[in-house]
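In structure tokens below, several structures.
In the two complexes that follow, chain A is the common piece, with chain B as its partner first and chain C second.
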Partner chain A sequence: MEEFSLVISVAYQFGTNAAFLLLCALGLIVILGMMNIINLAHGELMMMGAYTASLSYQAGLPFPLCVAVSFLVVGFVGAVFERLVVRRFYGRELSALVVTWGISLLLSQGTLMVFGPFLPSIPIPGGSLDVGAYSLSVYWLILIAVSIAVVVALAWLYNRTTFGLHARATMQDAAMARALGVNTGRIYMLTFSLGAGLAGFSGALLAPTASIMPFMGQQFVAPAFITVVVGGAANVIAGAVGSSVLLSLVRTPVGFYLGAFLGLVALLLAALIIIRLMPNGVSAALQRWSDRRAQSH
Partner chain B sequence: MMGTELLTATGLRSGYSIGDVLQGFDLSIDRGEVVSVLGRNGVGKTTLMKTLIGLLPTRAGNIRYQGEDISALPADRRARRGIGYVPQGRGIFPQMTVRDNLRMGGFINRDQQTPDPEVAFSFFPFLRDRQRQRGGTLSGGQQAMLAIARALINAPDLLLLDEPSDGVQPSIVQDIGAFVRELNQSRQLTVLIVEQNIDLIQTVAQRAYVLDKGRVVADLDRERLMDTEHVATYLAV
Partner chain C sequence: MSKRDSQADVPQDATTPTTDGTGLSIGRRDFLAGSAAAVSAATVLPNLKTAKAQDGSPVKIGFIEDESGNLSVYGIQKLHAAQLAVKEINEGKTLKGGANIGTGGYGPLASYAANAPTISKEGVALDIVNAGGEMSGDATVFVEDDDVFVDSGDQGILGREVDLVSVDGQSNNALWQQLTRRLIQEDEVDVLVAGFASAEREAIRPIVDQFNQLYFYTNQYEGGVADANTFCTGPVCEQQVIPVVQYMVEKFGPRCYTIAADYNFGQLTAAWTKAFAPLVGGEIIGEEFVPLSVSEFSQVIARIQQAKPDWVMTLLVGQNHHNYYPQAAAAGLSYPMASTVNMAQGYEHKRFPPPSLNQMHNAIQYQLEVPTARNRAFVKRWMDMFPDDEYIGEMAQNTYFTVHMYAQAARLAGTTDQETVKRALELGWAIEAPEGAVFLEPGTHHCAHYIRLAVCDENHDVFFVREWPMIQAWWLQRLGVNLVRNPEYKQYVPDEDPFFSMFG
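Up next, the complex of A and B:
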């Protein structure tokens, strides 16, 4: 029984670590992975999601509805930024980096001016489950399930729908997609908006676990970029899943036996080694394997 | 007024930031014709094709398609009116499977909503077997066949072909020629083909324009097109 609860506890730790990485990465999977925009405002979009959730929670909305509102509000903000600013910088990665950094400063300082340094936090929904000597948070179990569901939905959207087909074609060769009847301007706007909306969605979901402050987004930026870059661009969704699993496999046991800080160090070291060995990310390695399979048929 | 003319271009000027490449280009194609544009490298053939599909803006002159001025329409709206385009270099989406590349051709002709890959499969059977393979892993010749199949899958009225033989082995060039001819005869597909391969031109084209320095300098009828030595003088450097 003692061993059983230990296994459950380690599996739970692993699940929360992987879900945290995936949630941080969700919006960036779309914006960096697919559109190749180094979006330094990613953390601030997550912060906006948390703010929207906190404000609508205080207004009396049930928490799941707050998360939905955050998705819509931040998605709309993303669409506006794309129309006004970001679309002038496609294909100019460094300019886009500076511009999104500017947006991030604008958002965090603007939030500080309008809302002050703190917003009331949201209590963590759900209680806890006791397994042996360990206690598991129901909310984190829900977050694990939600992150899996969103990744499956994203994969479905990109692989099974006409929008996904058009989006993949536009990201690979926009001129050719246009010549085949795709309104690429619309695809770019919807894609950026979806990425922003997902960042807001994750920010809202993580809001109960964090302090709601104008600069709270910073803590999510590094995990988000590490997850997407280690995943690679060959197949962003599969890559992000692969990298969050791989990195959590390293982080969880080290964190469990040597403490959370060394767990984080192990994660960063693992990211370094994986990028050194697979410069194009986990998904490029997966793709080489699947190409060989497809060609041998 | 809608006669038998499918596509006309009048006084077309277009190019890049350094200046106009097309300098008053005129052309007229009837429904059901296969017309070739000949010329040496760098005379503006690819610029012409990009301007006709709308990837380069028309700076002066106009393009009429099915009786309407389409010069100001973006490329996606031209494609949806039924213009299929096969660019130089083929424009295959490398990360997408053969099947998804073919599906991308399904938006070309908005009136016709039944993409049918079977005709393409009967000419290029390898496409059927490799639907799950990524486009980028096909050979150059296979990509050329895929690009043509993709452009034709939804029965467009007009096909713009930019040097389909470029970098393709002779047997595949013959297959491409046979496919284009078959669709021209069975479906009255209209084709504008830019080419330097004399065999392919002679297989498919009924007449040709000779392009030099951004203008039409000669019209060739079928008889003169079959005179290989004569045609070669327009292509030699």
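Up next, the complex of A and C:
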């Protein structure tokens, strides 16, 4: 029984580690992975999601509705940014990097000026489950499930719908897509808006576990970039899933037996080694592996 | 009387370089004379005031805190504290206090009698002749003084208006260095009040020393700074760690698990906890240092559950780490907690929904809830000026009384000349702060504080279970630091003290 509860607890820790990486990465999968924009305002978009959730929670909305509101509000903000600023920088990666960094400063300092250093927290929904000497947070179990569901939905959207087809075509060759009648301007805006909305969505989901502050977004930026970059661009969604699973497989046992500090060291070291061994990311390696399997059949 | 008046000038004379040529040290005779002069401080003060109001230019208090960025939650409170103190000084107000009044404090929790008991004069048995009647109550022996806020008899400092030259450090150490140079060299401030994180303080201290700038660091911190130009007015480890560890061991049991922020504050405070827990019967069964970037704590929580401690010492710093509390509560972790930083600084109990901070114990010298009349008066003055503020934390209060203490020392010195004000502060300075009496110990430039054990309940209300009216910052004294006689410019760490490995 003692061993059983230990196994459950370690599996739960693995799940939370992987879900945390995936949730951090959600919006960036779209914006960096598909549109190739190094979006340094990613953390601030997540912060806006958390702020929207906290404000609507205080206004009396039930929490799941708050998350939906965050998705819509931050998605809209993303669309506005795309129209006003970001669209002028497509294909100029470094300029886009500087511009999104500027946006991130404006957003975080502006939030500090308007809302002050804190907003009230949202209580973590759900209680805890006892498993032997350990206990699991119900809310994190829900987050694990939600992150899987959203990734599946995202994959469906991009591989099975007309919008997904147009979006992929636009990202691959905008001129050709335009020649074939795709309104690429609209696709860019919708894609960026979707990425922003997803960042807001995961910001809202992580809000109950976090302090809601103007600079809270910074904590999510490094995990998000590590997950997406390690995942690689060949197939962003599969890559992000693969990298979050791989990185958590390394981090969980080290973190549990040797402590949080070495857990983080192990994660960064694993990211380093994976990028060294698979320069195009986990997804490219997966692609090669599945190609080879298809040939041998 | 005339002789005493002349002695009062000694602190100024003491700036003359002494024979060892450092120009900073002060001879023993000068020091003794200075102490004697201080006895007459109260009588001397009015004479000085009229004599020294010669210069019309404002007194400049240089002030750096983080008004934006990661640490702005603390910086804005501290800025407001300085603004309040400057306003009061310019309106001719001050807090009671003065040079060398000594380590005040009002006495411990006790029963009191209707009349003063009479003790026999025969022998040494202290026989009670008359107990003074029925014990009529249980209380802290404490006459609440709500008039610690009094007229200074001055407008500003020595008749000069006080200007707060405040700049924003933006939570960026490199910027802190630039701003320090700017305040010292361009603005030529008379005093510098600055610093939240130990990293910020250590970044600017070399610059402070290069210019021999009078510098106040008002934060609670890990201790050990022995610097002739620096005065540390916040509490340090020996004043907080040992009281709270002792209480936790008595109340909950010996087995402690420490989780601490992985930088010098967390490492050194954890070292204090580990070194002194055995002295009060405790033991550290697990110790974990959490990088400042970690915000997701399920693994730390599982490790604590595996270790099954009696209580948990949390020394967590910054917004990422604050997430530990709601996450631990949601995961059903209900161990009693102790800390020296959380609750009193970042007011986590006001920000997170109950019961995240249930059973948090912190040996603090100040937080908003301190239940005394003088504190209520202070909070009211503050909230009249800043009605939108949510909390007044321990460092904000330190900043407040520090600015008042500077003004008093400059008045006694009769000048804002920095070396002279340093000598005046080195008389030893007592001030009636909102927390209670604070005594600036001259040899180490650290303060003795009124320490209270604050406990947070399941509704996030705060109550106080134990009080220590005056705890010395004694560690640097044990290491033999005496900045009055031997100026130094360094920070000591526990590794330099053999006592730390003696019992652990």
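Some points to look at:
The rule is simple: the second predicted complex is superposed on the first by the 292 of 297 C-alpha atoms of A that agree within 3 Å, B and C clash if a C-alpha of one lies under 4 Å from a C-alpha of the other, contacts with A are read in each partner's own complex, and residues count from 1 in each chain.
Heads up, the rule we're going with is that contacts are C-beta pairs under 8 Å (C-beta built on N, C-alpha and C of every residue); 3 or more make two chains touch, one makes a residue touch a chain.
Bear in mind that the values here come from a model prediction, so they are computed numbers and not experimental data.
By the document's definition of touching, of the two partners only chain C reaches A:Pro123; chain B does not. Counting the residues of chain A that each partner touches, chain B and chain C differ, and the larger count belongs to C.
Shared-chain residue A:Asn39: touches no atom of chain B or chain C. After overlaying the two complexes on the shared chain, residue contacts for A:Gly181 are found with chain B alone; chain C is out of touch. In the superposed pair of complexes, A:Ala133 makes contact with chain C only, with no contact to chain B.
Of the two partner chains placed around the shared chain by superposition, chain B is the only one that A:Ala234 touches, whereas chain C remains out of contact. Applying the stated contact rule after C-alpha superposition, one finds that A:Asp291 touches chain B and leaves chain C untouched. In the three-chain superposition model, chain A touches chain B and chain C at no common residue.
Note for the complex: chain B touches chain A at residues 53-55, 74-76, 79-80, 85, 87, 91, 93-96, 100, 103-105, 107-108, 110, 129-130, 132-134, 137, 150.
Contact residues of chain A toward chain C in the complex are 9-10, 12-13, 16-17, 20, 109, 112, 116-118, 120-124, 126-128, 130, 133-140, 208-211, 213-216, 218-219, 222, 252, 255-256, 259-261, 263-264. Every residue of chain A that touches chain B in the complex is listed here, in rising order: 165, 168-169, 172-173, 175-184, 234-235, 287, 291, 294-295, 297. Contacts from chain C toward chain A in the complex involve residues 68-70, 72-73, 76, 262, 288-291, 293-300, 302-303, 305-306, 308, 319-320, 322-323, 326-327, 329-333, 351-353, 388, 390.
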